[in-house]
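Presented below are the structures under discussion, each in the form of structure tokens.
Note that chain A is present in both complexes that follow, paired respectively with chain B and with chain C.
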Partner chain A sequence: MAGVALGPAPPPGTLTVRPRRESVAAWPLVDRAWYGIAWLTGIGLCLTALSIVAIMLVKGVGYLNLADFTSPPAASLQQNQSGGFSDPIIGTLIVTVIGIVIAAPVGVAIAAWLAEYARPSWLARTVESAIEMLAGTPSVVLAIFGLAVLSQGYLGFLSQGAARGSLGESFFNAGIVMSLIALPLVVASTREGLFQLPDRLREASYALGKTRATTIRCVLLPAIRPSMASGIVLGMGRIIGDTAIITIVLGATLRNEPVNGVPVIGLLRGTGSTLTSYVFYNSPAGEGNSHEKAYAAAFVLLVIVLALNALVTRLTHGSGERGRALRLLRFLTGRV
Partner chain B sequence: MPPPVRRIALDREPYVAPPRPRSQNGAAEAPAQRRSTARPPVSAVQERMRLENVWLAYGENWVVRDVTLPVRQGEVLALIGASGSGKTTLLRSLNRLTEITAGASRAGRILLDGTDIAELEVNDLRRRISMVFQQPNPFPMSIFDNVAYSLAEQAPPRGRRRRRTPEIEQAVTDALARAGLHDEVAGDLDRPALKLSGGQQQRLCIARALAARPEVLLLDEPCSALDPISTATIEELIVGLRESVAVVIVTHNLQQAFRVADHVAFMHLGELIEYGPSRQVFDRPLQQRTKDYISGAFG
Partner chain C sequence: MRVAARSGVARSGAARDRRAELWLGALGAAVLVLIVAMAVTVFVKAWPSFSYNGLGWFGSGGEVDQQLRAMRESAPLPGHGLLYFRAWPLIWGTLITTVSAVALALFISTLAAIFLTEFAPGPVRRVLDPVIRLLAAVPSVIYGLIGILVLAPWIEETFISNARKHSVIFVVQLNGQNLTTATVILTVMILPIMVAITANALAAVPSSWREGSAALGVNRWRTIWRVSMRVTWPAIAAGLVLATARALGEAVMLAMVSGSSAFAANPLDGVTFLFEPVRPLAATIFQEAGGLTIGPLSHTIYAIGAVLLVSAIMMSLAGWAAKQSLRRYGIRA
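Entry: the complex of A and B
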């Protein structure tokens, strides 16, 4: 470390003892075998991860054009006339924002209740089970459920009215269902953060005559901003990566289709697609079947998710570079 | 096979420390020289709280039994005693902080200016009787926000930043000055409180407690995690504060109790053994158990 003065070394010729590494050769055969297997699996995992990134990089960058970011998809059998994926990128953004805007406050509130109140205890246990159930439910099941509920006629303002009931497919509805898959991650991360806080913080606040609610709002939640932020970022990653909900509740149309031409609300009530559904559409399994676009879009998707993962790592293991992480946090949360 | 037993020949007499020179009443010599903290006189001593036959329990375990004590403004009251004697529980019961522990119960009356504290609104009570803990526990926010947080008249912060009216700034500055911290941190009140040293953090906690304008200040071993220099600073501060607030301090450290306290209550296994002026308790304790504790026979 720079700036640290080194103390005097022992005089030359002094016998110094360094701890020697334990020799694996002395282990029993079974232990050595398991040791080897452990090494192999670890290396295998690294190779798999590396090859995913490498293949997507090679294929993706090769097929990626800057124009893809600005032009909407077009229906064409020729790959060079099938347009770009500006609409799916916008769609990903909208769904993620709607989903997380719902999941973040609700998740934080649930976590705060579970960690700080949790009375009566039977209700707390029920809420915990409900969160676990939500976390374990496949998103395609949530999507079907969401469509069943949201296509009720009186919820038509969220999508488009149909002959009987409503269409049920829109950015609004996809965001609402997406919030359900992000919710458990926000709850888990926030609750963990609250559990880690020492009780003396709470006592200090109570001893100043502050209510429990004030303590949570003004002391505890600000103190666990990194935990909340990482839960939110994980939730965003989950939303960005989901395909089933997009296909079923957003419609996965080729382009974003605003309703009635109303500027923002119309877009949100309309159907559209995201990068995941776009990749699926252009994969050999989909109707578009232009694999070049699929690779390019998948690469963009991978970069986004990797960037979010790096952000989580930075937020949760920020002790070494606390300053930078905190500055980032302040930037994200807009608070000092 | 059992290891061979090593036999130690008793070839010399075991070492016995020579008895300390003692004055006639059994206390250690020259008590007057131990009192190092300057003690400014107070204008008036006035009873603020009264504990009448207080019993405290966690579940079925009665950890404080039948304690009757006055708490006076203009005085520092020290609760001394061994670990597990119930001093901290007694202290925490004064602002009903024991109530956040599930299963805690109380019998007897604790009066604040003649009103039973059970009849007061609890958050109101805790603003009037505020507390400083063993471990410095500043909130993870700026120095300013730590103190501003406890201001009673402070509206809950809305928007992005805590609003800083001139009144709030003045109140924060006053509280920091009373805790003897203002000169050290005045340059940058926006610094994170956790960047301060341990002694400064503890004084910040005292400032935070004082900002609520309490009538009684409870201190639970406030110096046990601090170095001697910070301890001396805080002891001086405590003695200075007794003019404006009634101070109750729990301490393990007998020298500290002797230095700061006007009255001392010695507790043992939940019972109040002896209460009296500090000079009397330390120099001429009436009870044998007090005598034993003070001379280090147990504890």
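Entry: the complex of A and C
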């Protein structure tokens, strides 16, 4: 790797020749102007983030009631009668769990295959680019594709089917489509972890007579647990923050509406909402249009997402500046 | 005897290994098939709309809102079939928001990345890293909420006078949800990607190159501009591509703040142009998705999806090309 991390401190005792710092005042006027603009943009970036957090904090905390966590939403234009967001929180939880339960094992398996087997190589290369493409596909497009496939008659058991004129909106289907947006993140993170493992681990395992499959299962995957975990957490963050798939594939009904009153399966086959769709519903663009609820739910959503974010930082802690920079990139782009 | 037994174990181990490889490979192939099926499904569902409208699909003609309403109500517009659709205002909305947001973000992110890697004092740098992460982590619906509740009212009060409203009153209604609001929020959303990629590449420029420039008496700013930036352009291009892909696909935030009126904002209106509503392609899918049960409307929605999918694939290819030229410098992004 040619790169040098952002200014690592030289170990003590090494001789560093530090040139006398040139003074900016001696630069030509144009250069000084650009220097000033660079400072301004940097500070501006900080201020933007700060103001977003401040707005969400002030409005969110101000409008948040503890009762909101336990009461389901109700269709009312009166803010004090429109209930809380217990159903959306449950909905967020269900969709995230379904999405990750599918994406995590599939993603790890594909990453292991890509990094350790990758035969035949043309297939591996194609799978790799297909997953990159998936990472770049807008989630609205995934949503309408998911609906097209999952509304087929033989998949009717996943939703309430066409019987009630529905298109196949359900928690099951939303979770399945969500797994598609989490998959590239899990694959990228796991694969990068496998690439960074030193070969001596594999060689030692083969020398003990272990097969490749056993080596992957018992040596390599345990060694890259933090990478897998950070990929999974990133995927969760992406799922929790998505609105388009929820609106289109989950139906974004105000309350979670189980089918036929069957306890668990009925709920999963029914439509519902999540925090993101609840925020949208209560924004001026949606039908509910009550600022207070939107701010309160958005605040809860932001806290969840930032907590996951902090978890990723913690998981990848101690991987060095360079590793962190790469992880940041992967986090932002979903690709390696 | 023991040797035979052991070789038997080894053989079954090898067989199991082969089986594992097959299973994993099959899984990879299955995901590949799924992704290809996605593209095919979208195109098959989109075909009736494309075949009815021909290349005119991409052109302009009539009002998109009326055409969509006609499909929803199964009441064809006079002189046209139900599938009649001219997407230009939507395409124009996508183009104008994406291009202006990406151009703004390019300017800001380059300067911010230079600041981050070269000039920022230690404490500021330690703050900026989590700041970028935070900006990237905020879900788009929250950006939309801030846009519609904070930025849009402010823009409406500050820039949209009654005189301005009256100047275009027969064409379109102006309010706080407009091109400018959409562009500003979109810029903030795509900035983190571009800053991170550019800063990463700047930090990877071999220090000897910069030192060589400094030794010739070139000041730090010129060194960055003339040496570092020249090496980093493939990274900036990669960042541009990823940011464009994200901007193209953004649906929810744009549906909230862009004004949601399928109006082709007209640059000839002068400054007022900046405050005219637009409606990008992805936002249209999001808003019309309730009509997926209606045949003609669903074909149109899938056609819009197909256009987005093709642009996403092209962005992937462009990103791949940019990455290839990055490898030449030994920079990974």
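What we mean here is this: the second predicted complex is superposed on the first by the 274 of 336 C-alpha atoms of A that agree within 3 Å, B and C clash if a C-alpha of one lies under 4 Å from a C-alpha of the other, contacts with A are read in each partner's own complex, and residues count from 1 in each chain.
In the analysis below, contacts are C-beta pairs under 8 Å (C-beta built on N, C-alpha and C of every residue); 3 or more make two chains touch, one makes a residue touch a chain.
If you're wondering where the values come from, they're calculated on a predicted model, not measured in any experiment.
Chemist: For A:Val259, using the defined touch cut-off, is the partner it touches chain B, chain C, both, or neither? Pick first, second, both or neither.
Modeler: A:Val259: touches no partner chain.
Chemist: Just checking: does A:Leu93 make contact with chain B only, chain C only, both, or neither of them? Give me first, second, both or neither.
Modeler: It touches nothing on chain B or chain C.
Chemist: Quick one: name whichever of chain B and chain C touches more residues of chain A.
Modeler: Counting contacted residues of chain A, the larger count belongs to C.
Chemist: Thinking of the overlay built on chain A, is A:Ala223 touched by chain B (first), by chain C (second), by both, or by neither?
Modeler: first
Chemist: Where does A:Ser205 make contact in the superposed view: on chain B (first), on chain C (second), on both, or on neither?
Modeler: First partner only.
Chemist: Residues on chain A in contact with chain B in one complex and with chain C in the other?
Modeler: 209, 211, 214, 335
Chemist: Within their complex, state which residues of chain A touch chain B.
Modeler: Interface residues on chain A, with respect to chain B: 198, 200-211, 214, 217-219, 222-223, 334-336.
Chemist: Using the touch definition up top, name the residues of chain C that touch chain A in the complex.
Modeler: Those residues of chain C that touch chain A are 10, 13-14, 16-17, 20-21, 24-25, 27-29, 31-32, 35-38, 41-42, 45, 108, 111-112, 114-117, 119-120, 124-125, 127-142, 144-146, 148-150, 188, 191-193, 195-197, 199-200, 203-204, 206-207, 214, 219-222, 225, 242, 245, 248-252, 255-256, 260, 282, 285-286, 289, 292-293, 301-302, 305, 308-309, 312-313, 315-316, 319-320, 329-333.
Chemist: Which stretch or stretches of chain A touch chain C in the complex?
Modeler: 1-6, 19, 22, 26-28, 31, 34-35, 37-39, 41-42, 44-46, 48-50, 52-53, 55-56, 106, 109-110, 112-114, 117, 119, 123-124, 126-127, 129-134, 136-145, 147-149, 165, 167, 183, 209, 211-214, 216, 237, 240-244, 247-248, 276, 279-280, 283-285, 291, 294-295, 298, 301-302, 305-306, 308-309, 313, 325-326, 328-329, 331-333, 335
Chemist: Which positions of chain B touch chain A when the two form their complex?
Modeler: 95, 97, 100, 123-128, 130-131, 133, 135, 137-142, 149-150, 152, 156-157, 160-161, 190, 205, 208-209, 212, 218
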